[in-house]
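Okay, so subunit A shows up in both of these, paired with subunit B first and subunit C after.
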Partner chain A sequence: MSQQVVENSNSLSLKDSLIKEFELTYSKNQGNEPEALLQKREAALGAFQCAGIPTIKNEEWRFTNLVPFLKDSYQMQPSGMPGSDVIEKAIVRATVKGLDAYRLVLVNGQIDFSFSQLPDYQEGWLIRPVSEVKGTEAFAAALNSTLPIEKYPFAAINTACFSDGFYMELNNDFQLDKPLQIIHVYSDQENLFLQPRNIIKVRRGALAEVLESSVLMSDKLLFVNGVTEIQVQENAHFKHAHFQVGEAQERWIMHTQVEQLRDSRYDNYTLTLPHADLVRNNLNVILDGPSTETHLYGLYMVENKHVVDNHSLVDHRHPNCMSNQLYKGVILDGGKGVFNGKIYVHRPAQKTNAFQQNNNLLFTPNGTINSKPQLEIYADDVKCSHGSTVGQFDEEALFYLRSRGIGADTAHSLMITAFAFDVTSKIENEALRNHIEQLIEKTIAQAQAVI
Partner chain B sequence: MANKEKDEDILEQISNQEYEFGFSTDIEMDILPAGLNEDVIRFISQKKNEPEWLLEWRLKGLHTFERQAMPDWQNFEMPAINFQDISYYAAPKNKKKLGSMDEVDPELLATFAKLGIPLNEQKILAGVEELEGEKPQVAVDAVFDSVSVATTFKAELAKLGIIFCSISEAVQEHPELVRKYLGTVVPYSDNKFASLNTAAFSDGSFVYIPKGVRCPMELSTYFRINTENTGQFERTLIVADEGAYVSYLEGCTAPKRDENQLHAAIVELIAMDNAEIKYSTVQNWFPGDKDGKGGIYNFVTKRGACRGKNSKISWTQVETGSAITWKYPSVILQGDNSVGEFYSVAVTKNKQIADTGTKIYHLGKNTRSRIISKGISAGFGQNSYRGLVQVGSKADNARNFTQCDSLLIGDLCGAHTFPYIESKNNTATIEHEATTSKIGEDQIFYLNQRGIDTEQAVALIVNGYAREVLNQLPMEFAVEAQKLLSLTLEGSVG
Partner chain C sequence: MLSIKNLYASVEDKQILKGINLEVGAGEVHAIMGPNGSGKSSLASVLAGRENYEVTEGTVTMDGKDLLDLAPEDRAREGLFLAFQYPVEIPGVSNINFLKTALNEIRSYHGKAPLDAKRFLQLTKEKQKLVEFDAKLVNRSLNEGFSGGEKKRNEILQLAMLEPKLAILDETDSGLDIDALRIVSNGVNKLRSKDNAFILITHYQRLLEYIVPDFVHVLYNGRIVKSGGKDLALELEEKGYDWIKEENK
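And then the complex of A and B:
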């Protein structure tokens, strides 16, 4: 009983400081923002106050207990900007070997054009800070258009408080000739709680590939509560990869809300490797038009009491849509992995093909895996399936390798690489694929050194 | 498309199909006025001449029930149930011993006949003494509203040391056994409906199979709700001691009524070392009419504990009735090498709702479980599979295989899957797979080509689809279940 009281007081303190932050920014925003946006912010705060910080009694947070992550106190705004040498170092750390790409750098959630490398041509695309575009009525109207904030308290408080992020727009039929790497650099002398809001609009027939990664350049705590809204319009194709490789003092709650219109395609790769303390990904894909195609690939490797929690929703609202989801998890020493994938097929969504698979490998005896694949189907002419497995190394395969003179460590490493191959092989960009494969090998080697 | 018209005709026909067991029997009953409070519980307890500890336990259940909130996690709108509108005790008045069949209350006999109980067994159930001649096959305990009216073949079973009687008799005659096991698998505070049952259970069956005995016949219970505005709260407790085996069947019917009636039962199974319990259910409560009016609310807590090494518990269920089915027969695999199984066919049509599945807890080493669930939705029916497979950190080499398939007939129904998989042990192997689809047009076409009309083709396909589960039923029930399935879904065309 006493523990519960402590829990409450802790979550209250973070809740209170978030509400205080809202009050501070709200007065600043008054006058700068249209009434419609201010109203949305107020409503969002109401939703957050009503829901509070979710506990394990909330079905969506059943497996992830936030209490240990809420004990620390955070600053809600960065105290200053890091020096250019720090940013340069961060960029070097984030660079993917052999990847020919444009670069967009955000420092503590704000675009820094001086370190970015963007295409010379001006036509066809637009990248602006959110702080610059949020003054328009159109921005306010489009905000959270498919995101029911009352169900997502963290997205709600983000809506109430966000001040910056990036806004990207690709015009009709524009094709980005190279991938764009977005590097989020975080650095501060104090514990930092940041709430960036990013918006990507891929207009009719456009094509783009975006890779997001982040680097923390300080030894203080970092808690990011980010929301990214993406709209993929008719016939457009958007490839979206997210590398989540961090430090033990990083905590992430990332909400990605995708809306797909008719005949569009969205590919998502979420690759989570150690060492971030807490990673929670909410990936919601709303299929708002017929004949769309969606591919969601995920790989998560969790170690050392860390938590990686992947929640996804594929919302089939129209006929003839196809979605395919494959998430693979390797639970290393003492880690906890959570997968909750929901496929919802509405009554009009006939001829839906929806597939979902989640495979997990428990590497050591003390890991935990919670998997909840979920189908809700209200249409009859559909093909839907899901599969979920939890297992360990196949002893026979291991014996096969050992009997051919391959050491135990190498054999394990080989088998994990092969396990992850189903996901990594789906990455089309060769440089990216090599990069992630190397990271996986490094992670296995480190995990084995610990054992 | 003339064919389409025919389809619609057939669909109409099914939705208008009458509930076969929708009769009610006018027998003089002892009924307690509606309402639930301490006095009612004391009355029931007193009426049954129960010992003090049982009354105290009932009251604990009542107080917990009053505190608990209604469950809110299920995938349907929980109906508002006014627990004070229900009568918690109803029993047939006529209980004196009879000399021959002629003296039996004809209404009661007619009820048994309609339920399809063989004549010999009818005699015993109606309280006619002695039975000679034919070799017994199934021993029956009939529970009429809240009270067990009669149990057959008791003497024969007693020769082997098997106890098969109503739970109120067991409380009188074997209090030490009842006290030792009752409520040890489903605690009185388990959930709101379990607490209600603990407080108000009026009867049910009790089975005890002694060490090393293999029960020579199927044991069976018929449940029937008859009186208006009563709830049925029976409690079944089955204990299989070391090396014992028993197969137990349960069948349920209720008359047609406009109001919803509540059925909140508890079944507890306990298997010791090397014991095996097989529990089969064919649930055919009144499902409500085609507009969703009336029908039974079936909120049942069923749980088995494999306490001993190498023990096995197997649940098989065919769910075709009830307006709402809410039940999750579970197995706790405590003993090393123990095995849990769950086989289920659930059919929903009209406005029926089924939220059913299983929970398997792997606690012992080398425990294995297998879950096969087949859902069929037609009309406006909603069918959810909800399952939990949990592997504890000490359950080395646990193994689970889960398959749940859903079949959709018509575009207004729904099929949902909510599996929870939680593993804390790296030597566990857990597999889960689920599919949802409709009956393939090519399959229907194939059968049509061979001169089988669409109606029969669908019955054939559905029976084939459910075969894996129906095969688990004891023979007498398998035939009945197959008939029931064909009847329920007659002519549905995907």
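And then the complex of A and C:
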């Protein structure tokens, strides 16, 4: 007999565990979900089985090797829910000083209204659990409407398996008077792999500002494979900030799929600070109507042995759209950052203005950054630019600061804050801006203590 | 106040300073002149602690303290100030925050509490007036987009704020038009006192018409080859540096 693969019967590969999870949930979902959704789930599973967990041979995953993160085994469902004292502590940890906001709390991917603070829904908006709305035909029809799952194996397996998340809808012309902070609390006694699915629909002329953050309240591993689909309809404006501040045993693969209709505006702030050991953001913005405006701001600080990978796509399909992307990264000692920004300008998308900039600062020589701007332009009357830089501290500037009595640590801190300023200054909400600036300072102080 | 003895320094194994001796007392203004490449700016850099300079011999003390042993920030905290020939632009660091951080780090070094916001602003206003610095520039990013003259005036503002014992002005007059030169010089003259001292590094006698020195030294080939009173500057202006070069062949 030739070689035989000996399988450890106790630990399935992550791929097999995910497929098994599909089989378990599928049988439960039959009868509860419309045929259209079940069909989408099956098709998505097929796409995932076909692609598998991506390796570095996959162009979209060239720089991020998932192998070290796949060795552990995970439970695919929470073994129980944390007590209210744990949730309360998590909320305190997620609190942004001085931020006057509504609050939505999700625990292990499920909405907990008792800890949320929301106004009356008569006001013109609503938030429901996805588990409650996924039974409708409309939900099934809208799912993955702009997301080609065959290209995104993690979004595919999320589609196949998801059971819950939040569904948020703002009615025509409704303006949310305060920002909404969404706090994702995770806690379990076992290693947990969760696949939340969230939907945000901002209808015609509506305006809302959302801040998402998460808190892990256990010392077990957490792997989140999340998908959020957002539709910003005609003339609506959606401001969307994502604070990714975590613990070393957190792994995140987040897919955000945005569809913008005519005259709409979408602003995204993705702020990734230590300590999650893997963060992969897929941010795709599909410009499905003319005269839209899109702003994507990113800031990432990556520490030793950790990976932060930002992949984005801005898909210009119609004329007169403007998109502006600015991502800045600080690679701390031994960290690894990836930026892959694609701008696609289709043939009909004349008069496009598309700008992209990615700047990186290596805190020590012992860091890695892979920066890959990708522009594909098929229209001939457009203004597009991109730039990518990798640099170290400007020694002359450091000396200048020190020659005025400013200590080396403070000088580094000033310069990183200044480097990040191009992004942080774009955060309109003052409380959020102060919060992120403090987090940056704290991160630098910690990084300096290590060196 | 400052005592330089037999100072030798090199950059990338190239000997730049070759035995400098200089004594600067409180209340004095010294001018250091000399042709291009004689080591004037290198001397300023070595004193301020620029990293790529290596001191191979000699001592520098300020009020008895070994300066060469200190990090650049500690030299500044001990009262040394270098006005840069080319002040650095640092986008994203506001001028005002920079001044406040510097002032408070120096205060904390001397065991003093940081200035509160009100007193700090008062001080800034007062010093701005003293050196005729445009208030609008204070809130901008440090030196970013400043004209040459504005940058040099900003150096003098910092000088006024930090109140060092010893200030070295490295070719502060270069690139200044006559009005800016007058403003910068007025600032320095107002800041002169019996307790502090200045070293002016310059090519030209012009600056010394505005800031009158007590001593003039000629630096050539890494050494001080001639010292005298303010008349020496006039002689140099008239005769150029060639005779110095001849004498020291």
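The rule is short, and it goes like this: the second predicted complex is superposed on the first by the 437 of 451 C-alpha atoms of A that agree within 3 Å, B and C clash if a C-alpha of one lies under 4 Å from a C-alpha of the other, contacts with A are read in each partner's own complex, and residues count from 1 in each chain.
In the analysis below, a residue touches a chain if its C-beta (ideal position, glycine included) is under 8 Å from a C-beta of that chain, and two chains touch if they have at least 3 such contacts.
It should be emphasised that the depicted structure is a prediction, and the values quoted were computed from it without experimental measurement.
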{"item": "Contacts of A:Glu247 with subunit B and subunit C, given as first, second, both or neither", "value": "neither"}
{"item": "Partner chain(s) touched by A:Glu234 [first = subunit B, second = subunit C, both, neither]", "value": "neither"}
{"item": "Partner chain in contact with A:Glu190 - subunit B first, subunit C second, else both or neither", "value": "neither"}
{"item": "Per-residue touch tally on subunit A - higher for subunit B or for subunit C", "value": "B"}
{"item": "Contacts of A:Glu437 with subunit B and subunit C, given as first, second, both or neither", "value": "neither"}
{"item": "Partner chain(s) touched by A:Gln350 [first = subunit B, second = subunit C, both, neither]", "value": "first"}
{"item": "Touching partner for A:Phe421 - first (subunit B), second (subunit C), both, neither", "value": "second"}
{"item": "First, second, both or neither for A:Asp112, with subunit B first and subunit C second", "value": "neither"}
{"item": "Touching partner for A:Glu150 - first (subunit B), second (subunit C), both, neither", "value": "neither"}
{"item": "Touching partner for A:Glu60 - first (subunit B), second (subunit C), both, neither", "value": "neither"}
{"item": "Shared subunit A surface residues [contacts with subunit B and with subunit C]", "value": "none"}
{"item": "Subunit A residues within the subunit C interface of the complex", "value": "394-397, 399-408, 410-411, 414-415, 417-422"}
{"item": "Subunit A residues within the subunit B interface of the complex", "value": "59, 63, 331, 347, 350, 360, 362-392"}
{"item": "Subunit B to subunit A touching residues, read off their complex", "value": "73, 75, 391, 393, 406, 408-438, 494"}
{"item": "Complex contacts: residues of subunit C adjacent to subunit A", "value": "48-51, 71-73, 75-77, 81-82, 84, 87-88, 90-93, 97-98, 101-103, 105-106, 109, 141, 158, 162"}
